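Which chain is which? They are A, B and C, in the order written, and residues in each are numbered from 1.
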Amino acid sequence: MSKRVGSVLLPLLMAMTFLLIWHIAVSLSGSSIFPKPIHVLRGIVELAQRGLLIKYIVASLFRVSAGFLAALLVGVPAGLLLGWFARASDTFNPAIQVLRPISPIAWIPVAILWFGVSDLAPIFLIFLASLFPIMTATMAAVQNINFVHLRAAQNFQLSGLKLFTKIVFPAALPQIITGVRIALGIAWLVVVAAEMIAVNSGLGYLIIDSRNAGMRYDLVVAGMIIIGAIGLGLDVLVRRLERIEEVRWGFN
Amino acid sequence: MKGEGIYEPVRFSGFPEIKESIVSGHLPATFMLAPLAMVLRQQGVPIKIVYLGHRDGTAMMVHKDSAIYSIRDLRGKTIAVPNRYSNQYLIIFKALRDNGMSVKDVKIVEMAPPDMPAALYSRSVDAITSGEPFMAQTQLENYGRVLYQAKDIWPNFISCVLVVHESAIKEHRDWVQRLVDGIASSGKWLEGGMDHRMMAAEAVSKQYYNQNPRLLQYVLSTPPDRITYDNLSLARSDFEQIEALAVEAGILKKGIGFDDYADPSFSLQAQGGKAYNWESPK
Amino acid sequence: MSKGLKLASVVLGGFLTLSFLHVWLNVGFENLRWRRRAEASEKSFRVGFLPVT
(Lines give C-alpha, C1' and ligand atoms only; values in the text may rest on other atoms or scores of the structure.)
Protein backbone atom coordinates (compact mmCIF):
# COMPACT_ATOMS: atom_id res chain seq x y z
CA MET A 1 0.00 0.00 0.00
CA SER A 2 2.71 2.46 0.91
CA LYS A 3 4.49 1.69 -2.33
CA ARG A 4 1.40 2.67 -4.28
CA VAL A 5 1.01 5.87 -2.32
CA GLY A 6 4.68 6.62 -2.74
CA SER A 7 4.60 6.22 -6.49
CA VAL A 8 1.80 8.76 -6.76
CA LEU A 9 2.67 11.09 -3.90
CA LEU A 10 6.31 11.66 -4.75
CA PRO A 11 5.77 12.68 -8.39
CA LEU A 12 2.91 14.90 -7.26
CA LEU A 13 5.16 16.62 -4.74
CA MET A 14 7.78 16.99 -7.43
CA ALA A 15 5.23 18.59 -9.77
CA MET A 16 4.07 21.07 -7.17
CA THR A 17 7.62 22.08 -6.35
CA PHE A 18 8.23 22.60 -10.03
CA LEU A 19 5.14 24.81 -10.37
CA LEU A 20 6.27 26.88 -7.44
CA ILE A 21 9.75 27.37 -8.86
CA TRP A 22 8.21 28.31 -12.22
CA HIS A 23 5.97 30.92 -10.65
CA ILE A 24 8.77 32.45 -8.63
CA ALA A 25 11.20 32.46 -11.53
CA VAL A 26 8.79 34.35 -13.78
CA SER A 27 7.95 36.87 -11.03
CA LEU A 28 11.60 37.51 -10.29
CA SER A 29 12.55 37.94 -13.91
CA GLY A 30 9.87 40.58 -14.37
CA SER A 31 9.18 39.27 -17.81
CA SER A 32 5.96 40.45 -19.34
CA ILE A 33 6.03 37.76 -21.98
CA PHE A 34 6.50 34.43 -20.23
CA PRO A 35 3.33 33.11 -18.62
CA LYS A 36 2.96 32.03 -15.02
CA PRO A 37 1.34 28.68 -14.18
CA ILE A 38 -1.96 30.35 -13.36
CA HIS A 39 -2.08 32.01 -16.78
CA VAL A 40 -1.50 28.68 -18.45
CA LEU A 41 -4.27 27.12 -16.41
CA ARG A 42 -6.63 29.90 -17.42
CA GLY A 43 -5.55 29.34 -20.99
CA ILE A 44 -6.50 25.68 -20.82
CA VAL A 45 -9.87 26.58 -19.35
CA GLU A 46 -10.39 29.12 -22.13
CA LEU A 47 -9.67 26.48 -24.73
CA ALA A 48 -12.13 24.14 -23.11
CA GLN A 49 -14.77 26.85 -23.04
CA ARG A 50 -14.27 27.67 -26.68
CA GLY A 51 -14.70 24.00 -27.50
CA LEU A 52 -11.23 23.92 -28.97
CA LEU A 53 -9.61 21.65 -26.40
CA ILE A 54 -11.39 18.50 -27.53
CA LYS A 55 -11.20 19.43 -31.22
CA TYR A 56 -7.48 20.00 -31.14
CA ILE A 57 -6.70 16.91 -29.08
CA VAL A 58 -8.77 14.75 -31.41
CA ALA A 59 -7.12 16.27 -34.48
CA SER A 60 -3.58 15.67 -33.28
CA LEU A 61 -4.38 12.18 -31.96
CA PHE A 62 -5.98 11.30 -35.26
CA ARG A 63 -3.00 12.42 -37.30
CA VAL A 64 -0.51 10.71 -35.05
CA SER A 65 -2.53 7.49 -34.99
CA ALA A 66 -2.93 7.45 -38.74
CA GLY A 67 0.74 8.10 -39.41
CA PHE A 68 1.88 5.75 -36.69
CA LEU A 69 -0.40 2.87 -37.66
CA ALA A 70 0.68 3.23 -41.26
CA ALA A 71 4.29 3.08 -40.12
CA LEU A 72 3.49 -0.08 -38.14
CA LEU A 73 1.81 -1.74 -41.10
CA VAL A 74 4.77 -0.97 -43.34
CA GLY A 75 7.63 -1.07 -40.84
CA VAL A 76 7.03 -4.32 -38.98
CA PRO A 77 6.68 -6.59 -42.04
CA ALA A 78 9.53 -4.80 -43.79
CA GLY A 79 11.68 -5.10 -40.67
CA LEU A 80 10.86 -8.80 -40.32
CA LEU A 81 11.80 -9.50 -43.91
CA LEU A 82 14.94 -7.42 -43.84
CA GLY A 83 15.97 -8.90 -40.51
CA TRP A 84 15.52 -12.45 -41.71
CA PHE A 85 17.06 -12.28 -45.16
CA ALA A 86 20.61 -11.12 -44.74
CA ARG A 87 21.04 -10.25 -48.36
CA ALA A 88 17.99 -7.98 -48.33
CA SER A 89 19.28 -6.26 -45.27
CA ASP A 90 22.68 -5.66 -46.84
CA THR A 91 21.00 -4.13 -49.87
CA PHE A 92 18.55 -1.85 -48.12
CA ASN A 93 20.29 -0.99 -44.91
CA PRO A 94 22.56 1.75 -46.29
CA ALA A 95 19.56 3.55 -47.76
CA ILE A 96 17.72 3.28 -44.49
CA GLN A 97 20.64 4.57 -42.49
CA VAL A 98 20.91 7.57 -44.79
CA LEU A 99 17.23 8.46 -44.61
CA ARG A 100 16.86 7.85 -40.92
CA PRO A 101 18.67 10.90 -39.50
CA ILE A 102 16.81 13.35 -41.71
CA SER A 103 14.59 15.43 -39.46
CA PRO A 104 10.89 15.47 -40.33
CA ILE A 105 11.13 19.24 -40.55
CA ALA A 106 13.40 18.80 -43.55
CA TRP A 107 10.67 16.75 -45.20
CA ILE A 108 8.11 19.52 -44.89
CA PRO A 109 8.71 20.95 -48.38
CA VAL A 110 8.37 17.48 -49.88
CA ALA A 111 5.22 16.83 -47.88
CA ILE A 112 3.61 20.01 -49.17
CA LEU A 113 4.66 19.36 -52.74
CA TRP A 114 3.18 15.86 -52.67
CA PHE A 115 0.16 16.25 -50.41
CA GLY A 116 -0.67 19.91 -50.48
CA VAL A 117 -2.52 21.62 -47.73
CA SER A 118 -4.51 18.83 -46.09
CA ASP A 119 -4.38 16.32 -43.26
CA LEU A 120 -2.30 14.01 -45.44
CA ALA A 121 0.83 16.14 -45.21
CA PRO A 122 1.18 15.98 -41.38
CA ILE A 123 0.20 12.30 -41.46
CA PHE A 124 2.97 11.67 -43.97
CA LEU A 125 5.53 13.43 -41.78
CA ILE A 126 4.49 11.44 -38.73
CA PHE A 127 4.60 8.25 -40.80
CA LEU A 128 8.17 9.01 -41.83
CA ALA A 129 9.27 9.87 -38.33
CA SER A 130 7.88 6.60 -36.94
CA LEU A 131 8.84 4.31 -39.79
CA PHE A 132 12.57 4.15 -39.28
CA PRO A 133 12.64 3.44 -35.54
CA ILE A 134 10.05 0.70 -36.02
CA MET A 135 11.88 -0.86 -38.94
CA THR A 136 15.30 -0.84 -37.38
CA ALA A 137 14.03 -2.17 -34.04
CA THR A 138 12.23 -5.00 -35.81
CA MET A 139 15.26 -5.82 -37.92
CA ALA A 140 17.49 -5.90 -34.85
CA ALA A 141 14.94 -7.98 -32.96
CA VAL A 142 14.93 -10.65 -35.66
CA GLN A 143 18.70 -10.63 -36.02
CA ASN A 144 19.13 -11.01 -32.29
CA ILE A 145 17.05 -14.13 -31.90
CA ASN A 146 18.92 -16.67 -29.92
CA PHE A 147 20.36 -19.26 -32.27
CA VAL A 148 19.68 -21.93 -29.72
CA HIS A 149 15.95 -21.34 -30.02
CA LEU A 150 16.16 -21.51 -33.79
CA ARG A 151 18.19 -24.71 -33.74
CA ALA A 152 15.80 -26.28 -31.30
CA ALA A 153 12.85 -25.31 -33.48
CA GLN A 154 14.46 -26.70 -36.58
CA ASN A 155 15.11 -29.94 -34.74
CA PHE A 156 11.40 -30.21 -34.27
CA GLN A 157 10.98 -30.04 -38.04
CA LEU A 158 9.52 -26.56 -37.93
CA SER A 159 10.24 -24.55 -41.01
CA GLY A 160 8.93 -21.86 -43.25
CA LEU A 161 5.82 -20.05 -42.21
CA LYS A 162 5.25 -22.12 -39.10
CA LEU A 163 8.79 -21.38 -37.94
CA PHE A 164 8.07 -17.78 -38.47
CA THR A 165 4.78 -17.46 -36.67
CA LYS A 166 5.47 -19.84 -33.82
CA ILE A 167 9.07 -19.01 -33.02
CA VAL A 168 10.57 -16.07 -34.82
CA PHE A 169 7.80 -13.56 -34.38
CA PRO A 170 7.06 -14.22 -30.71
CA ALA A 171 10.77 -14.23 -29.92
CA ALA A 172 11.24 -10.91 -31.61
CA LEU A 173 8.10 -9.39 -30.17
CA PRO A 174 9.42 -7.91 -26.92
CA GLN A 175 12.13 -6.00 -28.70
CA ILE A 176 9.69 -4.96 -31.42
CA ILE A 177 7.34 -3.56 -28.82
CA THR A 178 10.14 -1.60 -27.22
CA GLY A 179 10.91 -0.16 -30.62
CA VAL A 180 7.23 0.62 -31.09
CA ARG A 181 7.12 2.46 -27.78
CA ILE A 182 10.11 4.57 -28.73
CA ALA A 183 8.65 5.24 -32.17
CA LEU A 184 5.36 6.35 -30.67
CA GLY A 185 7.24 8.81 -28.52
CA ILE A 186 8.96 10.15 -31.61
CA ALA A 187 5.71 10.33 -33.56
CA TRP A 188 4.07 12.37 -30.84
CA LEU A 189 7.16 14.56 -30.64
CA VAL A 190 6.95 15.40 -34.28
CA VAL A 191 3.34 16.54 -34.14
CA VAL A 192 4.28 20.18 -33.63
CA ALA A 193 6.53 20.20 -36.68
CA ALA A 194 4.01 18.24 -38.70
CA GLU A 195 1.22 20.67 -37.92
CA MET A 196 3.21 23.63 -39.18
CA ILE A 197 1.83 22.99 -42.64
CA ALA A 198 -1.24 25.17 -42.80
CA VAL A 199 -3.59 22.80 -41.02
CA ASN A 200 -6.06 24.65 -38.89
CA SER A 201 -6.51 22.35 -35.92
CA GLY A 202 -4.42 20.35 -33.53
CA LEU A 203 -2.10 20.91 -30.58
CA GLY A 204 0.92 21.68 -32.74
CA TYR A 205 -1.19 24.16 -34.68
CA LEU A 206 -2.29 25.69 -31.38
CA ILE A 207 1.30 26.34 -30.42
CA ILE A 208 2.31 27.80 -33.75
CA ASP A 209 -0.78 29.91 -34.21
CA SER A 210 -0.71 31.26 -30.65
CA ARG A 211 2.86 32.31 -31.16
CA ASN A 212 1.88 34.11 -34.34
CA ALA A 213 -1.13 35.73 -32.74
CA GLY A 214 0.70 38.35 -30.73
CA MET A 215 1.15 37.64 -27.07
CA ARG A 216 -0.64 34.37 -26.45
CA TYR A 217 2.31 32.56 -24.91
CA ASP A 218 0.00 31.24 -22.23
CA LEU A 219 -1.63 29.14 -24.92
CA VAL A 220 1.76 28.11 -26.25
CA VAL A 221 2.77 26.69 -22.89
CA ALA A 222 -0.72 25.24 -22.40
CA GLY A 223 -0.27 23.39 -25.68
CA MET A 224 3.13 22.14 -24.58
CA ILE A 225 1.73 20.84 -21.31
CA ILE A 226 -1.19 19.07 -22.95
CA ILE A 227 1.14 17.48 -25.47
CA GLY A 228 3.39 16.33 -22.65
CA ALA A 229 0.49 14.88 -20.68
CA ILE A 230 -0.90 12.95 -23.64
CA GLY A 231 2.59 11.75 -24.53
CA LEU A 232 2.92 10.38 -21.02
CA GLY A 233 -0.46 8.68 -21.29
CA LEU A 234 0.44 7.02 -24.58
CA ASP A 235 3.72 5.81 -23.13
CA VAL A 236 1.99 4.29 -20.11
CA LEU A 237 -0.43 2.48 -22.42
CA VAL A 238 2.33 0.89 -24.47
CA ARG A 239 4.28 -0.07 -21.36
CA ARG A 240 1.21 -2.00 -20.21
CA LEU A 241 1.39 -3.84 -23.50
CA GLU A 242 5.07 -4.58 -23.03
CA ARG A 243 4.37 -6.14 -19.70
CA ILE A 244 1.77 -8.51 -21.12
CA GLU A 245 4.04 -9.74 -23.90
CA GLU A 246 7.07 -10.20 -21.71
CA VAL A 247 5.11 -12.27 -19.26
CA ARG A 248 3.80 -14.44 -22.07
CA TRP A 249 7.16 -15.20 -23.58
CA GLY A 250 8.73 -15.56 -20.20
CA PHE A 251 6.43 -18.45 -19.47
CA ASN A 252 7.32 -20.15 -22.72
CA MET B 1 -12.71 38.04 -49.90
CA LYS B 2 -15.68 39.38 -48.07
CA GLY B 3 -18.68 37.13 -48.22
CA GLU B 4 -18.31 35.79 -51.70
CA GLY B 5 -18.98 32.19 -50.70
CA ILE B 6 -16.65 30.28 -52.94
CA TYR B 7 -13.45 31.87 -51.73
CA GLU B 8 -11.70 30.00 -48.99
CA PRO B 9 -8.90 31.90 -47.26
CA VAL B 10 -6.10 29.66 -46.05
CA ARG B 11 -3.89 31.09 -43.34
CA PHE B 12 -0.22 30.17 -43.41
CA SER B 13 2.51 30.79 -40.88
CA GLY B 14 5.47 31.28 -43.17
CA PHE B 15 6.35 32.29 -46.72
CA PRO B 16 8.20 29.05 -47.52
CA GLU B 17 5.02 27.04 -46.99
CA ILE B 18 3.07 29.45 -49.20
CA LYS B 19 5.72 29.12 -51.85
CA GLU B 20 5.56 25.34 -51.84
CA SER B 21 1.80 25.25 -51.91
CA ILE B 22 1.50 27.40 -54.98
CA VAL B 23 4.47 25.83 -56.75
CA SER B 24 2.95 22.38 -56.31
CA GLY B 25 -0.33 23.57 -57.72
CA HIS B 26 -2.28 22.77 -54.55
CA LEU B 27 -3.20 26.42 -54.07
CA PRO B 28 -4.62 28.36 -57.01
CA ALA B 29 -3.96 31.81 -55.57
CA THR B 30 -2.16 33.47 -52.72
CA PHE B 31 -0.78 36.70 -51.42
CA MET B 32 2.98 36.71 -51.51
CA LEU B 33 6.01 39.02 -51.43
CA ALA B 34 6.36 40.79 -54.76
CA PRO B 35 10.04 40.07 -55.43
CA LEU B 36 9.50 36.44 -54.43
CA ALA B 37 6.78 36.17 -57.06
CA MET B 38 9.12 37.56 -59.69
CA VAL B 39 11.92 35.19 -58.72
CA LEU B 40 9.58 32.19 -58.81
CA ARG B 41 8.37 33.22 -62.25
CA GLN B 42 11.93 33.50 -63.42
CA GLN B 43 12.54 29.98 -62.14
CA GLY B 44 9.74 28.74 -64.34
CA VAL B 45 6.76 28.56 -62.01
CA PRO B 46 3.66 29.46 -64.07
CA ILE B 47 2.21 32.20 -61.93
CA LYS B 48 1.04 35.70 -62.64
CA ILE B 49 0.79 38.74 -60.42
CA VAL B 50 -2.71 40.08 -60.86
CA TYR B 51 -3.33 42.61 -58.08
CA LEU B 52 -2.09 44.22 -54.90
CA GLY B 53 -3.37 43.80 -51.37
CA HIS B 54 -2.51 47.20 -50.03
CA ARG B 55 0.19 49.83 -50.18
CA ASP B 56 2.61 51.00 -47.51
CA GLY B 57 2.14 49.31 -44.18
CA THR B 58 5.80 48.46 -43.66
CA ALA B 59 8.20 50.11 -41.26
CA MET B 60 11.54 49.56 -39.63
CA MET B 61 11.55 49.49 -35.85
CA VAL B 62 14.44 49.82 -33.44
CA HIS B 63 14.48 49.40 -29.69
CA LYS B 64 13.43 52.65 -28.05
CA ASP B 65 16.55 52.67 -25.89
CA SER B 66 18.92 52.16 -28.79
CA ALA B 67 21.14 54.89 -30.22
CA ILE B 68 19.90 54.35 -33.77
CA TYR B 69 18.25 57.48 -35.12
CA SER B 70 19.18 57.45 -38.78
CA ILE B 71 20.14 55.07 -41.55
CA ARG B 72 23.81 55.84 -40.95
CA ASP B 73 23.46 54.57 -37.37
CA LEU B 74 22.64 51.14 -38.78
CA ARG B 75 26.27 50.55 -39.65
CA GLY B 76 27.44 47.28 -38.16
CA LYS B 77 24.00 46.46 -36.78
CA THR B 78 21.82 43.37 -37.23
CA ILE B 79 18.57 43.82 -39.14
CA ALA B 80 15.82 41.21 -39.45
CA VAL B 81 13.88 40.97 -42.73
CA PRO B 82 11.04 38.57 -43.60
CA ASN B 83 12.84 37.08 -46.57
CA ARG B 84 15.69 38.00 -48.87
CA TYR B 85 13.20 38.22 -51.75
CA SER B 86 11.20 41.00 -50.20
CA ASN B 87 10.72 44.69 -50.75
CA GLN B 88 11.60 45.15 -47.10
CA TYR B 89 15.08 43.98 -48.02
CA LEU B 90 15.14 46.07 -51.18
CA ILE B 91 14.17 49.18 -49.30
CA ILE B 92 17.13 48.65 -46.95
CA PHE B 93 19.34 48.24 -50.00
CA LYS B 94 17.98 51.47 -51.45
CA ALA B 95 18.24 53.43 -48.19
CA LEU B 96 21.80 52.28 -47.59
CA ARG B 97 22.78 53.07 -51.16
CA ASP B 98 21.27 56.56 -50.93
CA ASN B 99 23.37 57.13 -47.82
CA GLY B 100 26.61 56.00 -49.35
CA MET B 101 26.58 52.62 -47.63
CA SER B 102 26.09 49.07 -48.82
CA VAL B 103 24.49 45.92 -47.44
CA LYS B 104 27.97 44.78 -46.48
CA ASP B 105 27.92 47.45 -43.78
CA VAL B 106 25.05 45.76 -41.97
CA LYS B 107 24.13 42.23 -41.01
CA ILE B 108 20.89 40.93 -42.52
CA VAL B 109 19.04 37.96 -41.03
CA GLU B 110 15.85 36.34 -42.31
CA MET B 111 13.15 35.93 -39.71
CA ALA B 112 9.46 35.08 -39.75
CA PRO B 113 7.50 38.31 -39.04
CA PRO B 114 5.68 36.94 -35.96
CA ASP B 115 9.03 36.29 -34.29
CA MET B 116 10.32 39.79 -34.82
CA PRO B 117 8.69 41.63 -31.86
CA ALA B 118 10.18 39.21 -29.34
CA ALA B 119 13.58 39.42 -31.04
CA LEU B 120 13.52 43.20 -30.75
CA TYR B 121 12.29 43.09 -27.16
CA SER B 122 15.16 40.86 -26.13
CA ARG B 123 17.51 42.97 -28.27
CA SER B 124 18.87 39.94 -30.02
CA VAL B 125 18.56 41.99 -33.20
CA ASP B 126 19.03 45.74 -33.48
CA ALA B 127 16.30 46.47 -36.00
CA ILE B 128 13.32 44.69 -37.51
CA THR B 129 11.34 45.37 -40.61
CA SER B 130 8.27 43.71 -42.01
CA GLY B 131 4.61 44.37 -42.56
CA GLU B 132 2.06 45.22 -39.93
CA PRO B 133 0.80 44.45 -37.34
CA PHE B 134 4.11 43.26 -35.96
CA MET B 135 5.78 46.65 -36.18
CA ALA B 136 2.97 48.44 -34.42
CA GLN B 137 2.92 45.74 -31.80
CA THR B 138 6.32 46.88 -30.58
CA GLN B 139 5.03 50.42 -30.40
CA LEU B 140 1.89 49.52 -28.48
CA GLU B 141 3.89 47.46 -26.06
CA ASN B 142 6.28 50.29 -25.50
CA TYR B 143 9.65 48.99 -26.49
CA GLY B 144 9.80 49.88 -30.16
CA ARG B 145 10.47 53.12 -31.97
CA VAL B 146 9.94 53.81 -35.65
CA LEU B 147 13.14 54.37 -37.58
CA TYR B 148 11.30 54.84 -40.86
CA GLN B 149 7.98 54.17 -42.48
CA ALA B 150 8.41 52.54 -45.87
CA LYS B 151 6.29 55.20 -47.53
CA ASP B 152 8.77 57.88 -46.53
CA ILE B 153 11.60 56.24 -48.44
CA TRP B 154 9.68 54.52 -51.22
CA PRO B 155 6.35 56.23 -51.87
CA ASN B 156 3.45 53.91 -52.62
CA PHE B 157 5.49 51.02 -51.28
CA ILE B 158 4.28 47.60 -52.38
CA SER B 159 4.84 44.64 -50.10
CA CYS B 160 2.61 41.74 -51.04
CA VAL B 161 0.83 41.02 -54.27
CA LEU B 162 -1.95 38.66 -55.29
CA VAL B 163 -0.48 35.83 -57.30
CA VAL B 164 -2.56 33.36 -59.30
CA HIS B 165 -1.45 30.11 -60.90
CA GLU B 166 -1.83 30.19 -64.67
CA SER B 167 -4.01 27.09 -64.67
CA ALA B 168 -6.48 28.90 -62.43
CA ILE B 169 -6.48 31.86 -64.79
CA LYS B 170 -7.20 29.54 -67.69
CA GLU B 171 -9.94 27.50 -66.05
CA HIS B 172 -11.59 30.00 -63.72
CA ARG B 173 -11.02 33.37 -65.23
CA ASP B 174 -14.30 34.75 -63.96
CA TRP B 175 -13.51 33.78 -60.37
CA VAL B 176 -10.14 35.47 -60.53
CA GLN B 177 -11.86 38.56 -61.86
CA ARG B 178 -14.46 38.47 -59.11
CA LEU B 179 -11.74 38.07 -56.52
CA VAL B 180 -9.91 41.09 -57.86
CA ASP B 181 -13.15 43.07 -58.04
CA GLY B 182 -13.86 42.10 -54.46
CA ILE B 183 -10.48 43.25 -53.22
CA ALA B 184 -10.80 46.47 -55.17
CA SER B 185 -14.19 47.34 -53.78
CA SER B 186 -13.22 46.30 -50.24
CA GLY B 187 -10.23 48.55 -50.59
CA LYS B 188 -12.37 51.47 -51.64
CA TRP B 189 -14.69 50.81 -48.71
CA LEU B 190 -11.79 50.79 -46.28
CA GLU B 191 -10.66 54.12 -47.63
CA GLY B 192 -14.17 55.49 -47.26
CA GLY B 193 -13.90 56.31 -43.59
CA MET B 194 -12.18 55.49 -40.33
CA ASP B 195 -15.29 53.83 -38.93
CA HIS B 196 -15.16 51.34 -41.80
CA ARG B 197 -11.58 50.52 -40.88
CA MET B 198 -12.49 49.99 -37.25
CA MET B 199 -15.32 47.65 -38.17
CA ALA B 200 -13.04 45.70 -40.46
CA ALA B 201 -10.34 45.43 -37.80
CA GLU B 202 -12.84 44.03 -35.35
CA ALA B 203 -14.09 41.33 -37.72
CA VAL B 204 -10.85 40.41 -39.44
CA SER B 205 -8.82 40.16 -36.26
CA LYS B 206 -10.97 37.41 -34.81
CA GLN B 207 -11.89 35.52 -37.94
CA TYR B 208 -8.82 35.61 -40.12
CA TYR B 209 -5.83 36.97 -38.31
CA ASN B 210 -6.21 35.60 -34.79
CA GLN B 211 -4.87 38.87 -33.40
CA ASN B 212 -6.03 41.32 -30.80
CA PRO B 213 -8.57 43.66 -32.45
CA ARG B 214 -7.06 46.67 -30.69
CA LEU B 215 -3.77 46.01 -32.41
CA LEU B 216 -5.36 45.95 -35.86
CA GLN B 217 -7.38 49.05 -35.05
CA TYR B 218 -4.21 50.84 -34.06
CA VAL B 219 -2.49 49.73 -37.22
CA LEU B 220 -5.34 50.96 -39.39
CA SER B 221 -5.50 54.35 -37.76
CA THR B 222 -2.20 55.59 -36.40
CA PRO B 223 -1.35 57.42 -38.57
CA PRO B 224 -4.45 57.15 -40.77
CA ASP B 225 -2.35 56.48 -43.84
CA ARG B 226 -0.15 53.84 -42.27
CA ILE B 227 -1.66 51.40 -44.73
CA THR B 228 -3.59 52.45 -47.80
CA TYR B 229 -6.06 50.35 -49.71
CA ASP B 230 -6.90 52.30 -52.79
CA ASN B 231 -4.88 52.41 -55.95
CA LEU B 232 -4.33 48.68 -55.93
CA SER B 233 -4.11 48.17 -59.65
CA LEU B 234 -0.93 47.02 -61.30
CA ALA B 235 1.20 49.75 -62.74
CA ARG B 236 4.08 48.79 -64.97
CA SER B 237 6.32 51.50 -63.60
CA ASP B 238 5.92 50.32 -60.00
CA PHE B 239 7.06 46.87 -60.90
CA GLU B 240 9.86 47.92 -63.15
CA GLN B 241 11.14 49.91 -60.21
CA ILE B 242 11.11 46.79 -58.06
CA GLU B 243 12.72 44.83 -60.89
CA ALA B 244 15.55 47.33 -61.26
CA LEU B 245 16.30 47.39 -57.56
CA ALA B 246 16.13 43.63 -57.34
CA VAL B 247 18.59 43.18 -60.17
CA GLU B 248 20.90 45.77 -58.65
CA ALA B 249 20.70 44.08 -55.26
CA GLY B 250 21.50 40.78 -56.90
CA ILE B 251 18.34 38.89 -55.96
CA LEU B 252 16.87 38.84 -59.45
CA LYS B 253 18.60 38.02 -62.69
CA LYS B 254 18.03 40.17 -65.71
CA GLY B 255 15.82 38.91 -68.45
CA ILE B 256 12.32 38.94 -67.05
CA GLY B 257 9.80 41.66 -67.56
CA PHE B 258 6.40 42.91 -66.51
CA ASP B 259 4.65 41.00 -69.27
CA ASP B 260 6.18 37.76 -68.05
CA TYR B 261 5.26 37.92 -64.42
CA ALA B 262 2.15 40.09 -64.42
CA ASP B 263 -1.29 40.02 -65.93
CA PRO B 264 -2.90 43.44 -65.62
CA SER B 265 -6.08 42.52 -67.44
CA PHE B 266 -7.95 41.80 -64.22
CA SER B 267 -6.93 45.00 -62.54
CA LEU B 268 -7.86 47.07 -65.59
CA GLN B 269 -11.34 45.62 -65.50
CA ALA B 270 -11.69 46.21 -61.76
CA GLN B 271 -10.90 49.88 -62.02
CA GLY B 272 -14.43 50.96 -62.73
CA GLY B 273 -15.86 49.34 -59.62
CA LYS B 274 -17.67 50.99 -56.73
CA ALA B 275 -17.01 50.73 -53.02
CA TYR B 276 -18.43 47.62 -51.39
CA ASN B 277 -21.38 48.06 -49.08
CA TRP B 278 -20.44 45.87 -46.18
CA GLU B 279 -22.04 45.37 -42.82
CA SER B 280 -20.31 43.84 -39.89
CA PRO B 281 -21.80 40.39 -39.19
CA LYS B 282 -23.07 40.59 -35.61
CA MET C 1 -9.84 -15.22 -30.15
CA SER C 2 -6.13 -14.95 -29.69
CA LYS C 3 -4.66 -12.13 -27.71
CA GLY C 4 -3.05 -10.70 -30.81
CA LEU C 5 -6.29 -10.56 -32.74
CA LYS C 6 -8.05 -9.02 -29.78
CA LEU C 7 -5.44 -6.32 -29.55
CA ALA C 8 -5.62 -5.63 -33.26
CA SER C 9 -9.38 -5.23 -33.21
CA VAL C 10 -9.24 -2.93 -30.19
CA VAL C 11 -6.69 -0.76 -31.92
CA LEU C 12 -8.64 -0.73 -35.16
CA GLY C 13 -11.87 0.06 -33.36
CA GLY C 14 -10.19 2.84 -31.45
CA PHE C 15 -8.73 4.32 -34.60
CA LEU C 16 -12.04 4.24 -36.45
CA THR C 17 -13.74 5.98 -33.54
CA LEU C 18 -11.00 8.59 -33.50
CA SER C 19 -11.35 9.13 -37.23
CA PHE C 20 -15.07 9.57 -36.94
CA LEU C 21 -14.59 12.10 -34.13
CA HIS C 22 -12.01 13.96 -36.15
CA VAL C 23 -14.20 14.23 -39.22
CA TRP C 24 -17.17 15.22 -37.11
CA LEU C 25 -15.37 17.91 -35.08
CA ASN C 26 -12.71 19.23 -37.38
CA VAL C 27 -13.31 18.41 -40.98
CA GLY C 28 -17.05 18.32 -41.41
CA PHE C 29 -18.75 15.47 -43.26
CA GLU C 30 -19.54 17.63 -46.25
CA ASN C 31 -15.90 18.39 -46.68
CA LEU C 32 -14.60 14.88 -47.09
CA ARG C 33 -12.33 14.49 -50.03
CA TRP C 34 -14.26 11.89 -51.95
CA ARG C 35 -17.42 13.87 -51.63
CA ARG C 36 -15.65 17.00 -52.55
CA ARG C 37 -13.90 15.77 -55.65
CA ALA C 38 -16.80 16.24 -57.97
CA GLU C 39 -17.80 19.61 -56.67
CA ALA C 40 -14.49 20.71 -55.25
CA SER C 41 -12.92 22.79 -57.92
CA GLU C 42 -16.31 24.07 -58.89
CA LYS C 43 -17.21 25.19 -55.44
CA SER C 44 -14.15 26.57 -53.72
CA PHE C 45 -11.26 28.77 -54.71
CA ARG C 46 -8.55 28.76 -52.11
CA VAL C 47 -6.53 31.89 -51.51
CA GLY C 48 -3.50 31.72 -49.27
CA PHE C 49 -2.28 34.52 -47.07
CA LEU C 50 0.02 35.36 -44.27
CA PRO C 51 -1.53 37.61 -41.59
CA VAL C 52 0.93 40.40 -42.24
CA THR C 53 0.74 43.38 -44.53
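A few points about this structure:
We adopt the following convention: a residue touches a chain if its C-beta (ideal position, glycine included) is under 8 Å from a C-beta of that chain, and two chains touch if they have at least 3 such contacts.
A quick note: this is a predicted structure, and the numbers were derived from the prediction, not measured.
Taken chain by chain, the contacts link every pair, so each chain touches all the others. Between the chain pairs A-C and A-B, more C-beta pairs are in contact across A-B. Centroids of chain B and chain C (each the mean of its C-alpha atoms) stand 34 Å apart. Centroids built from CA atoms put chain C at 21 Å from chain A.
With centres set at the average Cα position, the gap from chain A to chain B is 39 Å.
Listed for chain C are residues 46, 48, 51, each touching two or more other chains.
Under the contact definition stated at the top, the residues of chain B that touch 2 or more other chains are 10-14, 21, 27, 114, 133, 209-211. Multi-chain contact residues of chain A, defined as those touching 2 or more other chains: 117, 198, 212.
Interface residues of chain A, counted against chain C in their complex, comprise 54-55, 58-59, 61-62, 65-66, 69, 117-119, 198, 201, 212, 241, 244, 248.
The touching residues of chain B, counted against chain C in their complex, run 1, 6-15, 18, 21-22, 27-32, 53-54, 57-58, 82, 113-114, 130-134, 159-160, 162, 168, 171-172, 175, 179, 208-211, 219, 227.
Residues 10-14, 16-17, 20-21, 23-24, 26-27, 114-115, 118, 121, 133, 137, 141, 209-212, 215 of chain B are the ones touching chain A in the complex. Interface of chain C with chain A (complex): residues 3, 7, 11, 14-15, 18-19, 21-22, 25-27, 33, 46, 48, 51. Those residues of chain A lying in contact with chain B across their complex are 32-33, 108-109, 112-114, 116-117, 196-198, 200, 208-209, 211-215.
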